[in-house]
Amino acid sequence: MANVSYVRKTMLPEKAPPVTSSGVLGWIRENLFSTPLNVILTLLSAGFAFYVLASILPWIFQSSWTAGSLGECREVIKATYGPDAHGACWAVIRERYLQLIFGFYPAELYWRPILAFVLALVALAPVLFSGLPRQMMRFSAVAPFLVPWLLWGGTFWVPLMVIAGIAVGVIAYNLLSRTVGSLAGIIAAGVLPVLWWIFVTSPLASGLQSIIPLGIEAIPSRSFGGFLLSITIGLVAITASLPIGIVLALGRQSDLLIVKTLCVGFIEFIRGVPLITLLFVASVLLNYFLPPGTDFDIIVRVMIMVTLFASAYMAEVVRGGLAALPSGQYEAADALGLDYWKSQRLIIMPQALKISIPGIVSTFISVFKDTTLVSIIGLLDPLGLSKAIRADVNWNGIVWELYGFIAFVFFIFCFSMSRYSMYLERKLQTGHR
Amino acid sequence: MTTLSDAPKESFRLSMLIYDSRYRSLTIQFVALLGFMLVVAWLVSNTLQNLEALGKPIDFGFFSEPASYDINQRLIDYNSRDSHLRASFVGLLNTLLVAVMGCALATVMGVVIGVMRLSKNWMLSRIMTVYVELFRNVPVLLWIVFFMAILIETLPPPNAFRGETPSASMWLWDSMAVTNRGIYMPEPLFSRGLGDVSFFGAFNISLELIALVVALIAGFWASGRIKARADRIQEATGDRPTTWYLRLAVVVLPFAVILILLGFHLGYPALKGFNFQGGIHMRNSLIALWLALSFYTAAFIAENVRAGILAVSGGQTEAAEALGLRPNRIMSLVVLPQALRVIIPPLISQYLNLTKNSSLAIAVGYMDITGTLGGITMNQTGRELECVLLLMLVYLIISLSISLVMNWYNKRVKLVER
Amino acid sequence: ATLDDVKARGKLNCGVNTGLVGFAAPDANGVWGGFDVALCRAVAAATLGDASAIEFVPLTGKTRFTALASGEIDMLSRNTTWTFSRDVDLKFEFVGVNYYDGQGFMVPKALGVSSAKDLDGATVCIQTGTTTELNLADFFRVNNISYEPVPIETNAEAQQQYLAGACDVYTTDASGLAATRATFEAPGDHVLLPEIISKEPLGPLVRHGDSEWADIVRWSFNAMVSAEELGITSANVEEMASGTNNPEINRILGTEGNLGEMLGLDAEWAKRIILSVGNYGEVFEKNLGEATPIGLARGLNAQWTDGGLLYSPPFR
Amino acid sequence: MSELAVSREVDRSKMTISDEVAIQIIEMNKWYGTFHVLRDINLTVNRGERIVIAGPSGSGKSTLIRCINRLEEHQAGKIIIDGTELTSDLKNIDKIRSEVGMVFQHFNLFPHLTILENCTLAPIWVRKVPKKEAEETAMHFLEKVKIPEQALKYPGQLSGGQQQRVAIARSLCMRPRIMLFDEPTSALDPEMIKEVLDTMIELAEEGMTMLCVTHEMGFARQVANRVIFMDQGQIVEQNEPEEFFNNPKSDRTKLFLSQILGH
Amino acid sequence: MSELAVSREVDRSKMTISDEVAIQIIEMNKWYGTFHVLRDINLTVNRGERIVIAGPSGSGKSTLIRCINRLEEHQAGKIIIDGTELTSDLKNIDKIRSEVGMVFQHFNLFPHLTILENCTLAPIWVRKVPKKEAEETAMHFLEKVKIPEQALKYPGQLSGGQQQRVAIARSLCMRPRIMLFDEPTSALDPEMIKEVLDTMIELAEEGMTMLCVTHEMGFARQVANRVIFMDQGQIVEQNEPEEFFNNPKSDRTKLFLSQILGH
């Protein structure tokens, strides 16, 4: 090799790629027909997609939206699209969609659940989207009391008294931890509010109500149905299960053997049995477990069981978040002199929960989907309502339209939530911690 | 120097229960235990009191009484005069049957779909994405009723096979009938049968089956030996002898010989009376439940598989390519061994979910344990407490066994890693 | 006592079916209607004076008894068969029979079957959760014929399977069969077999231990039956309430004697029942009768005077 | 890399050592399970002393430091800090932890809080200082470590050296009387090491009592008034820095020094 | 850090360059989508040549290297290796890949296999060498890279430098005639860089044909017989190392060198 020296005089400009590897053609070749196998796969998939669409689309669109009964529907479709046409009878959705959404909630009060869910969304927003101002968190703290009140109605004193219970706890903690000691404070803060809620809230609220009436029309849980019921159960379960889940996760992580065993036992038990058996417990056994004479609403009982169910899963999600935190964070908090609860509240939980949000959203999706199981114990969620609707003489025999509609709505909800949690996961992976 | 030459002798003070880290944890645990026991005691006493009031003391005696209902799908002999206990057992076997079938199909589908989602073919990967999203985001209960409705509405009834010009015909040279009551398949029959053995007088297992299973196991063992030999030859010479036909032969031949010795022939289903008679009947409830659970779970498994394969970074494949390994070898030697570690733990928890979801069988009238013990038995005897608790116990045992397997696997994988 | 609870609450909690054509179903406005529902309304009208002051609790076969036993509902009016063990062992009190039913079979005409005894080898759809599967097992066992049971949770699904030919026979209470058949596209293609394999007296029930409450439900129902027998209808009740020369009518409607007071109600309790829901015949015709798509004949449920079994004890 | 450190003149004027005992460790022993990590440790540190602890990896340096503010529990012997014995009594532990600051190898800043919040967290929640005052103190110490302009950023946005200086400022905000450092520079790049050592020297110049596990021999030479060499859980040699480096007594120390300085 | 490298005498006795052409690249072009990464690349490498490729980030160095053993596909022009043209013919690709070894920036060892298994995997499955023989070869090369004692460990248990040396040994086990290196040292700590460069120098001393993307200028000076400078997907300058470093011709090269050496 004599002289290897070489210097480029002029820089080459960028050139367009050859047609076969760029543009639409290039894309098609690359992504659809790059190898013989790919050609076959493409053709097969296209055929399959065509077959599925060709069998579903006509049914969806050769349909009737206006009819009073299934029979009428059939006639209308035959008349419009020919004698062989099999189309959907969307008329049933048109007639019953409000019922499928709101159940038996009084029509003139539909604004209440709508407002409640808007409020719930607003309250969730700062938790879900970190970009929003932190002041909104204050509203998020109030929403758990406001939303149920809007949904169930009744005197406004009840949510006030419930909040007062929390205040009682805080006051007790502050007083006692200063005078007696922090553990006494914590115990008091745990026990007093519970006692307050059990023994004081309802008499005091009704007393106050009789003095200063302040409230809106009360709606019994029975009136909840359809998607309103699913969403309410889902929301209640998820908001209530979060604190319980955190406590369980902390218990499971703790080095106190008995506490740990109790938590592990509870979590594994709940996760080991199907939800449907827990719903059986709610519908047929809970009455045995409670003192004779207590009788509360099946929907509340179901909410309790679904909450317990969700808590176990939530605990595992939170545990994952806790495990992802480096131990240095605990040590640094200790070294600064923060006690266990303060370091949990100020250092550990804010970080662990943030890591866990995708898991929390996934749990919410599965809990929301699982609310359909309540139809098996006779609650009128969308699936249960569909049976009731089919028991109407007019709509007896209708199947696909109802299932299709319900599936569609569930899909919209769950799909958007799952997209959201994916977005979060991606953000957590790339974003600076 | 303010040295404490002599620490004050510590005597136990009550406040140490709270302010001394040694005693504090004991205190907390004691309080927790006490609280737990109080709650349990409260629940138990309420229950006893309530049962007392209702006049229904806890009593499992009803288990020995005749169940008086029939179960169509059963793996062991059962009729309506058998006891509730046996009915529950029939249900349990049905649960296990659909769970095992579901896990198998879901795994196969999940792996195939997960791999196809990663395909470079845009069309294919898009269709698989739609599949996954569609199935994951609609409740499984809806899928179960959907599949049932599809089977019922789209497949022909047995009636359609009747008459001069039947509108439906059997498949595979008239050996299999696909109807909306389920699928009737040829069944294996043996003209020189060996009879049954009875276990504990409770259920029978046919000796033919045992013989065949033994032959199969022996065949696989022999095949394993052949593989080991091929491994040794490869180690020694570098060349790997082609053994697949030998390995196939040692599995198939003994099996076939035993089949012939036993006088194996197929019993074909035939339309007699109202239904097809003879053959194996896979009921539509089983099929619908099986397919729905598998399709639903497969969507989740596909995601796990995809994540597992993606987790094995591109660098691994490139390094293997650069070494000149062929794609199938890269898959089997480099990607799969690593991906499996990521895939299997969530796979097993999907098995757990599938098994738990099989309790939705009642939606299509498949008589699993929830349908028998937690359904008709509970309904007929009015023993809710006993039935539900027992039902939960059964599921708990199944779940815990699956978890045990998972923990064992995780431990094993960990050992290999470091 | 239950009555006091109901009055204090201002609402009657009444357990009904989650959906059974003609017996209980919500309409598009969420208002429950049907034959069983009418009885709830009657009791509400009698006790609270308002036939719509009711909390309907939809119940499945599995949850109905627990709901009643636990006090979640005040009365159960959900096509429930009166059997010995339910009455005695489960500790409930059946207060009457509002519908005399029996388990029957429906088959497509094309099958050419004329008797249930010809059903050897047939696939039978059963609605589970009630006594049907037990009756069925006994029937086939006694007659020594084989069958394939297909258990199904709800009537709607059973109907779907039956129509698609997934089962040859559909069995449930005859009323249900007739009601279901009525909604078919071609009801004429299906026949009910003559065998009725069981007695299914369906009736409302209450908990043991509160006989006063049981009396109220029982006599609310009897009032409807007697009203039909005596010709009191929702149309003429106002007029009759101003006094007739039939002392029994007067006693029922409260213009004579103090029956209402004996029940712990006011004098006009029965008048309100008839006024708001009508007499037994009216309820039947409105929900199940031949004018409705369901088109059931009175049959056993006719007044005893018309050869049926309906026989109300005298109001005296 | 050990000689990379600082060459500027160190002002020793305020580095007086008082007679008061700050830390006294008597016959302290510690086991991890059955493994004897610390054996018969005896150590007295007077107020104002600056002690460097050196020793091979695994010799128990970190464990010793961590025992002093009870991140680990010792099983035998006594640790007395400012006259308070470290027992399992939680009140004493709280008291001691608020007097002893600690800086870790990996900084352990709280990533979800800004630098300022990191610094004010403990004063506000442990010392119950009003927020305003806490922020002023924090800014004071952030200025001292020369990064007041970063106060509103998050730890993830800072370089390693800056993070470590924040960690020091965070400890100082609790106004501790004793500072413990556990290899504060070993996770840092060479340029950043200097920044952090500078900060530590300044601290020493002000007379802070310091216990520092480090392999920065330049730092030890300039600042420490005692170097302690540990091996296998024991204090093997203890001397003034010059003596220690130039004239080590024990063979182990010699071996160690030859490795660490030759490297 | 670029001058950190080696100062020992390099034995150039075996570093002869034959006339045989090992790699010939003619008018090669490559696009990512519509982005033109490699433009009219012409390059002939003779057997025994040691070429260092330098250039700013994103200039296409990695892409060029990866095209040579077909980890990426080029769209125009020719690449001929040992007389075999690289087309989409799988047989040619296999042939070329078994002649060309490649070492990656991030090692890409197989974490589920021991070091020994990493090294024997390809010989056994691609070259069909008996296991015993493959293991002997592997041990031979592991000795060469000075870590035979690690043979039974897993990659996760090794330091970065050791891992990279295993990666080199793994490539060598296939007895390639050409070695490609893509920034083999840029993921390593300074001490470890030395270990790896030593190994590479030894390889060069034995006369291996090497193409090496690296910013280690010391290495380039001592070992390379040609340095290629790339920018914007083109070869901008090419020269012998001394000339290249002391007397760069193009402005871009000057700028680049000033940045990389001043740094």
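Order of writing sets the labels: A, B, C, D and E. Residues in every chain begin at 1.
Please note the rule applied: a contact is a pair of C-beta atoms (placed from the backbone, for glycine too) under 8 Å apart; a residue touches a chain by one contact, two chains touch by 3 or more.
Just so it is clear, the structure is predicted and the values come from calculations on it, not from any experiment.
Q: From chain A, count the fewest steps through touching chains until chain C is reached.
A: Between chain A and chain C, the shortest chain-hopping route counts 1.
Q: So what angle, to the nearest 5 degrees, turns chain D so that its CA atoms land on those of chain E?
A: When the C-alpha atoms are superposed, chain D turns by 165 degrees onto chain E.
Q: Mind having a look at which chain is the central one, using mean CA positions?
A: Most central by this criterion: A.
Q: What is the chain whose Cα centroid lies farthest from the Cα centroid of chain A?
A: Of all chains, E has its centre farthest from that of chain A.
Q: Could you tell me which pair, A-D or B-C, is linked by more C-beta pairs in contact?
A: When the contacts at B-C and A-D are counted, B-C has more.
Q: If you average the CA coordinates per chain, which chain's centre is most distant from that of chain B?
A: D
Q: I'd like to verify one number: the distance from the centre of chain A to the centre of chain B, where each centre is the average of its C-alpha atoms, in whole angstrom.
A: About 28 Å, centre to centre.
Q: What whole-number Å value describes the gap between the mean CA coordinates of chain A and chain E?
A: Each chain reduced to its C-alpha mean, chain A and chain E end up 53 Å apart.
Q: Just curious, how far off is chain E from chain C if you go by their C-alpha centres, in Å?
A: 88
Q: Hey, what residues on chain A touch two or more of the other chains?
A: 280, 284, 287, 376, 399
Q: Scan chain C for residues touching two or more other chains and write them down.
A: Only 62, 66, 69, 160 qualify.
Q: For chain E, which residues are shared contacts with two or more other chains?
A: none
Q: Which of the chains are touching one another, listed as pairs?
A: Those chain pairs which touch are A-B, A-C, A-D, A-E, B-C, B-D, B-E.
Q: In the complex, go through chain C and note every residue touching chain A.
A: 17-22, 24-30, 55-60, 62-63, 66-67, 69-72, 154-156, 159-160, 163, 180, 182-185, 292-294
Q: Looking at the complex, which residues from chain B come into contact with chain E?
A: Residues 234-240, 313, 315-316, 318-326, 329, 333-334, 337-338, 341, 416-418.
Q: Name, in rising order, each residue of chain D that touches chain A in their complex.
A: Those residues of chain D that touch chain A are 69, 71, 94, 97-98, 100-102, 104, 106-112, 121-122, 125-126, 154, 156-157, 170-171, 174.
Q: Within their complex, state which residues of chain C touch chain B.
A: Within the complex, chain C contacts chain B at residues 61-62, 65-66, 69, 85, 89-91, 110-111, 119-123, 128-129, 133-134, 136-138, 140-141, 147-153, 157, 160-161, 164-168.
Q: Across the complex, what residues on chain A touch chain B?
A: 30-32, 34, 38, 41-42, 45-46, 48-49, 181, 183-184, 187, 255-259, 262, 268-269, 271-277, 280-281, 284-285, 287-292, 365, 369-370, 372-373, 375-376, 383, 399-400, 403, 406-407, 410-411, 414-415, 418
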